[in-house]
Amino acid sequence: MSSLSEAPGELDRVDAAGEVAARAEAFRNWGRWGEDDAIGTLNFIDAAKRVAAAALVVDGETVSLAQSFDEDGPQRGWKKRNNPVHTMTGTGLDHARDPYAQPHGIGGADDMIVMPLQCSTQWDGLGHIFDRGFAYNGRPAGEVVTTQGDSATGIENAAEAIVSRGVLLDMGRHLRPETGELEDGYAISAADLDDCIAAQGATSAVGRGDVLLVRTGQLARVRRDGWREYAGGAAPGLSLTTAAWLHRSEIAAIATDTWGFEVRPNEFDVSFQPLHQVVIPNMGLTVGEMWDLERLADECAARGRYEFLLSAPPLPITGAVGSPINPIAVF
Amino acid sequence: MSSLSEAPGELDRVDAAGEVAARAEAFRNWGRWGEDDAIGTLNFIDAAKRVAAAALVVDGETVSLAQSFDEDGPQRGWKKRNNPVHTMTGTGLDHARDPYAQPHGIGGADDMIVMPLQCSTQWDGLGHIFDRGFAYNGRPAGEVVTTQGDSATGIENAAEAIVSRGVLLDMGRHLRPETGELEDGYAISAADLDDCIAAQGATSAVGRGDVLLVRTGQLARVRRDGWREYAGGAAPGLSLTTAAWLHRSEIAAIATDTWGFEVRPNEFDVSFQPLHQVVIPNMGLTVGEMWDLERLADECAARGRYEFLLSAPPLPITGAVGSPINPIAVF
Amino acid sequence: MSSLSEAPGELDRVDAAGEVAARAEAFRNWGRWGEDDAIGTLNFIDAAKRVAAAALVVDGETVSLAQSFDEDGPQRGWKKRNNPVHTMTGTGLDHARDPYAQPHGIGGADDMIVMPLQCSTQWDGLGHIFDRGFAYNGRPAGEVVTTQGDSATGIENAAEAIVSRGVLLDMGRHLRPETGELEDGYAISAADLDDCIAAQGATSAVGRGDVLLVRTGQLARVRRDGWREYAGGAAPGLSLTTAAWLHRSEIAAIATDTWGFEVRPNEFDVSFQPLHQVVIPNMGLTVGEMWDLERLADECAARGRYEFLLSAPPLPITGAVGSPINPIAVF
Amino acid sequence: MSSLSEAPGELDRVDAAGEVAARAEAFRNWGRWGEDDAIGTLNFIDAAKRVAAAALVVDGETVSLAQSFDEDGPQRGWKKRNNPVHTMTGTGLDHARDPYAQPHGIGGADDMIVMPLQCSTQWDGLGHIFDRGFAYNGRPAGEVVTTQGDSATGIENAAEAIVSRGVLLDMGRHLRPETGELEDGYAISAADLDDCIAAQGATSAVGRGDVLLVRTGQLARVRRDGWREYAGGAAPGLSLTTAAWLHRSEIAAIATDTWGFEVRPNEFDVSFQPLHQVVIPNMGLTVGEMWDLERLADECAARGRYEFLLSAPPLPITGAVGSPINPIAVF
């Protein structure tokens, strides 16, 4: 029997199913916002929250939290996930051949993109993960996400939701002040999160409706050393045991600078992304991955301030289970 | 000789080249922000502007200004511009076949998209349009935008720039109070813009660093009547003669609810998007198209307030000459 | 009760379900080539057939039966079917900017394509159509074609099969000698096919293992008049009542110059491609669509010979339910 | 000065430019088939050649020479070359949810593909490679291949051409009878080709209009050991010094089982695909790459016969500089 322990060391490594199921049931938000709900914990963001978040803007400084979208990204083809392919359907070279080919010497360039919605900085939609046949809010997985997309919780439902207070917990600097980077495989615990908040001070208090950004430092490492197995390999990340913390904090969403948000290898002998299974279909938590938190961390450290206005709306791709994004923090 | 008249009726319909060239030269910002500049009039947005914009947030209400990204859009294949194609590479149906196929009953759905960057709600990057062989800031078009993309003014340069005060000028309601919709082919003049500001009141004053949103009402019409020729056909829009107004207002960017921002058919016997040619490569003005301003207009009218915080960052697609976006207005 | 009549006029227009079901059952080949069979009637092509087909080559003249693959095709977005989008990832323009940018002055151009496999000249694979929950050979549809593709009858199974004798029945010229074109909505009957064979002479006898090409002339018409509703609108084509003829003839495959092979509108008050439902999942007949039979018809008419070697292998796209092709007739 | 030596060992390793230029000039076919020619050495295939080729069909056995087109291919993203991405836009799973959702219980599956035209078994078109600013037949590279594709030598020009006699030279078995595989970096010489012909016997004589298939055995090796650097790394292949042999043989086309047809690393200190530069833009030779010659080699060896009818038409993708293909050998 699982004890819902919040200590990573107390997980039963051979009972992934039990540890997941216990937390899935304990932290399930099905029905909390009505049976038709499509956005889960994003409901925690209310108007007052946004007004308060906007009031955090005192410097007028913006920071993009997106990685580049191009072919030099981390993807290696797993699950058909390639890096974005951007191609030109018109160029300045074509125009320069004959600048007056069109009226009054106008010329134009156009372009297109092919990309998995999970290829770079992104939100996972609520239809991205299922738990034993069910999607968020207890809907049968096969009725929610068909070949035509997610008919219940498509990412377009979150189009207006994600403007709120953002909070950075720089776990890399907190736990490894000498390097600023957590080692691959490090499982961030609930206690680690609380300690970091305490250390960073009052501006990093985390509560209802916040969008929590957790920096591990892995992105800094792979930028220095090469992508290697960034997309799916070993990484620091949240322990399954943080599920309780994520639930009681009533955050609206969470994002990290890693491929998969939770620690990898996962904390069981045989397992795959167990924390996803608990938080996405059960809690209804919107999860961000592959965010670039490097400059944000510098800005926060320089200010001694870890809160900011965060605007991170998904593209309203109808029925999508994820969206590429360019999240913007404003100080 | 062109007189730089701001009255649409005074344009010489048979001299598109002359009318364009005169305005291109008169309103050119090349060098204004240095020879390496990559963002043009977005430079008008400074920190103080953003602080002031954030202070406009008093209700905490968000409005998405994006149209849907899906196959039911307006595109018809011109210049290989199709509507977005969103496909699933994993679904709940697959998971439901055998919910325990993966460890502890986790299942997942993934998806991908193929889309022209000009297919729906978008920013035109500064490399999108050329003027007689040259791109923004006087760079030779063929050196700026090659098959590898825009090496000088790629949209990624604007990744952090576009958070500012937004202002809506609801030209549809102002000029056609009975329908709220300008007729196709209506050329909005500088006087129209000034009159609308006067009528809407102080909250719609337009100045340095603002992002100006111009609602024509055409989107409401095509939603009611069908897309027909929305993508490239006749439309209301700005007259070429507004170039001077756009220049002296020192706005950072402009967007409309139409396919092409300027009036169509264009105001000459033979012409193609002459205002684009003046404002993008010459002024360095970032132009938004196909924005959905319907609910925004309702919110503004209900409040009697036409200003708001606007966050509309492009996806940082390296070297792109445009970007799909989900612009968010916050009241 | 359906009578399996071969006279189009005797179909019960209000009982599509009954007329389809009767033929599905009567002409079903499930199990005929073993329970693991993946290619259906393509099994009719044997080695002797191919040797005989090769012996038809006496002139050495080749005819491509493919339409162009480009953005000027007939697709209009139905079911996300756009025309092929071909984009360059390198060009001669880029090379010409600096011919010695690479060693010894080599330069290169690359390209890519995005296309529905049903966009232009194609084979429908056996997994393309289902009959009341079942795919070819009685397999449950949901087990055969998942989001990962067709695991049983993917088009790659036919990679080596489709080299045989081809026969052209030029129904357009036979039935409408003055124009060479059948009118939209004309339902070709079994009697029409037999009459055409008789009229064209011995070289157009149709039998076991042949690939039957039926020219309606519609492609000539839309080339002259514009695509209009070629992709899914009214068209001449085979009547549902030809199912018996197609079955007893033991042809290996059939192709037409129309979007959908069978007559449209379909022959019932409410219906959708009923002949597909009979012949693909039940007979296991491989169906070709949007073939260009214009020059072939000229060559056949000029020779008074309607048979030839036909080589029309699909691209072995793993798990595909169709394939773009360039079929080649050799006289 | 280059001596046009046909001995690989006599190449001047530090003078790639000279060695390439000498051969480019010596073996150039510009103008040979008229100034408008678009297919180069494919002109060597005439009607008599095809009749003779068809006469080689005595067994009726077909062999596909295509690798699979799917995400498990060798590509790793170089030059935006990913493996094919095949996605379903409808599936049997969707149909099985409600088999009677459409009239009379019909259901359907559709699919699409995104792929570089150079991703798997392919023909390089004549516009794929340039020589110091020029394309085949002396056309300026920048006038031939723009962002709109190859306007002079697009692969559609070869749509009807490539049906001829095929000849296999199994260099792997000939030179390495114990393994059947040439080691990476082995440069096949003109003498090697001649020796192989002599050893294999009269059916492998190579002459005008033939399509020459050269098996190195590398594909067998990577299938056994993993793709590793198959796409662009070290490989056996033809030496630059075979250019003379390729020219005087008057073959119509050549193909190998490797990524790049010629030996890699190339035979100079600094170089990139020098034989491509000689044969494609200068000779006008159509080159095939990544063909699967494994079963073909078995069939040839079993028969002691190395000639066959070969049908390998490209898809007529308008303006393409290459095409995916499924070449078929018929014995």
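Note that the chains take the letters A, B, C and D in the order they are written out, and that residue 1 is the start of every chain.
Everything below uses one rule, namely that a contact is a pair of C-beta atoms (placed from the backbone, for glycine too) under 8 Å apart; a residue touches a chain by one contact, two chains touch by 3 or more.
What you see is a predicted model; the values in this text were computed from it and never measured.
**Q** Report which of A-C and A-D is connected by more C-beta pairs in contact.
**A** A-D
**Q** Hey, how far is the Cα centre of subunit A from the one of subunit B, in Å?
**A** The computed centroid separation for subunit A versus subunit B comes out at 28 Å.
**Q** Centre to centre, by mean C-alpha position, how many angstrom separate subunit A and subunit C?
**A** Whole-Å distance between the two chain centres: 46.
**Q** Report the inter-chain centroid distance for subunit A and subunit D in whole angstrom, where each centroid is the mean of the CA atoms.
**A** The computed centroid separation for subunit A versus subunit D comes out at 44 Å.
**Q** Counting only residues that touch at least 2 other chains, which ones in subunit A make the list?
**A** Residues 80, 85, 87-91, 93-94, 97, 112, 114, 142-143, 146-148 of subunit A touch two or more partner chains.
**Q** Assign the assembly's chain-to-chain touch graph to one of these shapes: line, ring, star, complete, other.
**A** Basically all the chains touch each other, so complete.
**Q** Provide the residue numbers of subunit B that touch subunit D in the complex, in ascending order.
**A** Listed in rising order, the residues of subunit B that touch subunit D are 85, 87-89, 91, 93-94, 97, 112, 114, 147.
**Q** Looking at the complex, which residues from subunit D come into contact with subunit C?
**A** Checking each residue of subunit D against subunit C gives 16-17, 20-21, 46-51, 54-55, 57-64, 66-70, 72, 79-81, 84, 86-93, 95-97, 99-100, 102-118, 127-133, 135, 140-150, 156, 159-161, 163, 268, 270-274, 276-277, 309, 311, 313-322, 324-326, 328, 330.
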